[in-house]
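Letters A, B, C, D, E and F mark the chains in the order given here, with residues in each chain numbered from 1 onward.
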């Protein structure tokens, strides 16, 4: 089985870290096809604008990965940027790491909290959790208030801040599990679980495993409504991807 | 990996059918540990009372299966009877087939419908779907109005009725995917998918794959809140299961 | 009028206390038919498993009480265990003390809080309140974090802890009324009302009065959908209750 | 026990009919203190303006009835006009017939429909049902599209129209119970129940019984928040009611 | 363009202050037709009873203002009293200042808080915000706990209390904007914005501008359902307004 | 006042039509600064992918228009593509035509329906309406099932189809107002209003007027949370817009 994991931002350090996590959690026999955002993409995704800029190149990568034989796709950014569009352009299932970790949290606990990077992302994640139907079971979205790249660069400080928020989620929010709300926190998941004794859920791990499950079942995204292929039109995705696939 | 699949009712025909589906969809290397409800359980589960009667023996089976080495448990009845209690008594993850198929439907479509057996189960399933956070994305819960055991016995009639409802879900509800709302419909899933061209989701398949995903990640149910082990007390689960495990 | 009050757990002390409350609040002319859980039931109900174990014997007691002429039934446990199943097996109305106290709180206040026994029950009660449509009007579910039997045994400590939480509900949550979230707190209701000046609502009292109201109107549970009698089947409630009624 | 039943409109025919229903369903020993809207009130309540015009005189009647010893109040109009204000000015519990019938429907069924008079009232009642937390359990609000006074004057036609809608509620909506959405339909309740075999809920009956239950428990509306007495001020209720009580 | 601004209470000081704000924010060419509640109205609106008392005279004023040529109406009280009724009796659009400020807040921020006068109004405003569909985006309804007339009389103290709550909304609630929850706070809006650096939204300003926008588009309230003219009937609005228009 | 109206797609015919509507509804003194999507944008926006492709160039246009002195921005596509990102990059208010028309519909009616172009857009619009808090008041999202460009090219057929759906919204859905769910329908609004007698709301008109109202009040988007300026970073919006502004 071949899982395409795309880091939509242009930070190669983060792409590599995500790749390490993905390979370490994938089942034997699963090949990870790893891509990162090109240099025209923002170096990190912190808000709606960063999301918007990274999506068009990501859609091309998804189409290219499918041409290389991907059985499923994982979008490795916690804002799940372009998830709907990706489901339109892909024949295979597409999983966002926020949606994946929310689903896993719902299966393992009755109430959870999320810890993300910046405060400005809190309402974005609250809205995603609500959209995914888990608003009532999410106790709180917390932030360590560190930029994404700072988390990647200084994992020691990040771990300390995350530990504090995870313990607050347990003791103040009475959450039963915690979701790490940023792909850049993936490498810290095992350590945080060990240090806090809380079930800590990493979205990259969750999404890889859900992608394997969906691909293994042979399911594909429904093409009967919203997620039908984009219509052919001037300036549409068909033209764009044709050029890209020929390149 | 070892997945315990429990049919909470006492119909051995249905247990066997569920076992066949489970084995056919499990990943290579997954062992299916199949159990069915004892003779004190109802022959089918059609309403709250049937659910209530099947849960206590099922909890014992879960504890016993865990003693045999189960890595995860699947409750193979679409009402997800006893799911919360099962999560309390098990150390390993427990998946209900309704919750599992709702999660898969959310990943593959923007709107889905459910087709279940009896009309009297419609509000029960509506309530479950709402509880799982998918109320707004479920177009409609439909029923073929055949008892569970009739579906099992007369798969030809069942297939015809299900086809009609699936097409209505597509054309009237504008659903993009359909969930089969009864474990006894599992064997018909491939045929219905082929005949209707709709993505048709079977809960047993969905739950087996999610159980593999969760167990593969090494996750366990959070024991920090609602799903903590039942407290020891006279008449409590501890006493009950001790007797059962010695037997 | 004859009201059947069932304590689903096996604590005879609690059954007696519930009986005293029930008799003291019933209208003149109302006969309280009091039953308690048999020795196979847990001594207290603290979580989904305890609930599951107590329901099947309780359903038999409801059928037997109806054979003795009950005009309505009250399930005297705040988790409202088996309420849906009880409504299926009974011809007469069935009232749970959580649902009853939520309805009374909605009639007397615009916002209320609940104070229950253990922290682990908080999400269970939050979910019930939401299911009963009062989620937005419930400020908070609080817990004194005492086991049910400890509350029954040490009413002095319980009263002190409850007073503190009731005052916090008034001052911190700005609740206008408080619901006691455990049948074992019934005997403290008058004292807590007097000490705090808050409207304090006891579910046993609320349910008895609602049961009288429903029975007095001659209403019965609708048998046209979910609450129809359980279908006859091997291992079903029909067989079970026939044996019990002959005994 | 003394229950004040106020018909907020000025139709004396409807006031008398409500009085007959109230007296026929009240418990032995309950005295019905019946009042109707004065001649400055609209003859029927069909929309927000009619509601608004009837509330100030109704609040005076509530204060006067309390001075005469009322133990509880029933507002006998299905829009529940002035319910919040009435709870402010009354020391005793106040019950609206819409809220009361919704509560009873929730205790007797899992899904219900409402049948009201005019189509223009449908969104008003939908909003009330939602406000009372029952939106998800209300299948549909139907209308016979007859003005309130026409229903009162031509009960035969009204009964025929209501029967048709009740059967549609059962067969099309799959409702398990039906609420009559107008006080002027009270006298038809028994007949409609008999003719349709559906549980048909009349709000006057429901409210009288709930009022007895609340008064019997000795509960009063919480005065700790929204329902505190209106503040004294020029042009406020204090001045108004003082004049009225002296008159 | 002619905008009718009605202060439903009888405080002439507040009417004048609202008039000053209205005139200062209206577009050039907009004429403000200002009315205040007559002496039979409460001097301030703090709860459901005050609301109820002020509505019938306000409806007459709306009809009279329309006879004078009003193109739109603004109800300048944050409880939006009688908004539905006003939409029935008016041909032209009617805007409440709570609904208007909530709409503006939704366009300028992702999360907002409200600061109102009395604590007893908090649930009333929470319910309005929920009714207007913004419940999930409202972080908190706060109160300075000063009566409306005290705010008007002592603007210095009011400003200090409001500043404290606005800063708490920013720092504790993480609101991105704040709505002033009382017409009597209008005159403080510019000062509070300057002092706190927060976007502070005044409902009178918001409603005047929305009224201009609606009237400028030539839109009128839909008369096809709930907001149709009140039906003619004895004691109805037709009679009442005829008398008033002749006077 | 200067309002920037951007048509995010590359259809110049549609851009011109939107410009005609915008100019015809703007207040005297308002200058419309009209832009359309460049040739790299899709010719119409029908689904998530089309949305994604049009957003990055649109964000540049918003920044450029602001440099030209825009006081507010209108995104003239009913999917409100890039609305959140636009609010980040703009100092001035940004209005989407879906959000605007929903707000206007809420002020004029108690229940509305939407009529859009393609069926595949129905769930997208349902989700937007829900996000804007109007889910409960939207009776139904209907589609004429014509592609956007076909509507623009054949306005006669479009008008006939729209009339049929608007009448169905009135008679079947019992909607009191109808929103046109596509910018390409703007030119038909007056004709449809006249033909059907329904209040028909065009989003371009609604948004222009709301933009004038917001800009006239001097309000700007809150920069204290989600809508703060995008952070500076490699590949971020700062770099991109600097290049564009120099060009």
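Basically, a contact is a pair of C-beta atoms (placed from the backbone, for glycine too) under 8 Å apart; a residue touches a chain by one contact, two chains touch by 3 or more.
All figures in this text were calculated on a predicted structure; none of them were measured in a lab.
Chain pairs A-E and A-F differ in how many C-beta pairs they share in contact, with the greater number at A-F. With every chain reduced to the mean of its CA atoms, the largest distance from chain E is reached by B. Here the CA centre of chain B is 44 Å from the CA centre of chain D. Measuring from the averaged C-alpha position of chain C to that of chain F gives a distance of 53 Å.
Shared interface positions of chain E, i.e. residues touching 2 or more other chains, are given as 84, 110-111, 119, 122-123, 127, 135-136, 174, 225-226.
The touch graph of these protein chains has some other shape, matching none of line, ring, star or complete. Per the contact rule defined earlier, chains pair up in contact as A-B, A-C, A-E, A-F, B-C, B-D, B-F, C-D, C-E, D-E, D-F, E-F. Within the complex formed with chain B, the residues of chain C that make contact are 9-10, 37, 39-44, 46-53, 55-56, 59, 82, 84-85, 87-89, 119-120, 122-124, 127, 131, 147, 149, 225-226, 228, 230-231, 233-237, 240. Against chain F, the residues of chain B that register as touching in their complex are 110-111, 136, 174. Chain B meets chain D in the complex at residues 119, 122-123, 127, 130, 135.
Chain contact summary for the complex, chain A toward chain B: residues 25, 27, 84, 93, 95, 99, 103-104, 106-111, 132-137, 170, 174, 176-177, 198-199, 201, 205-206, 209-210, 212-214, 216-217, 219-222, 224-227.
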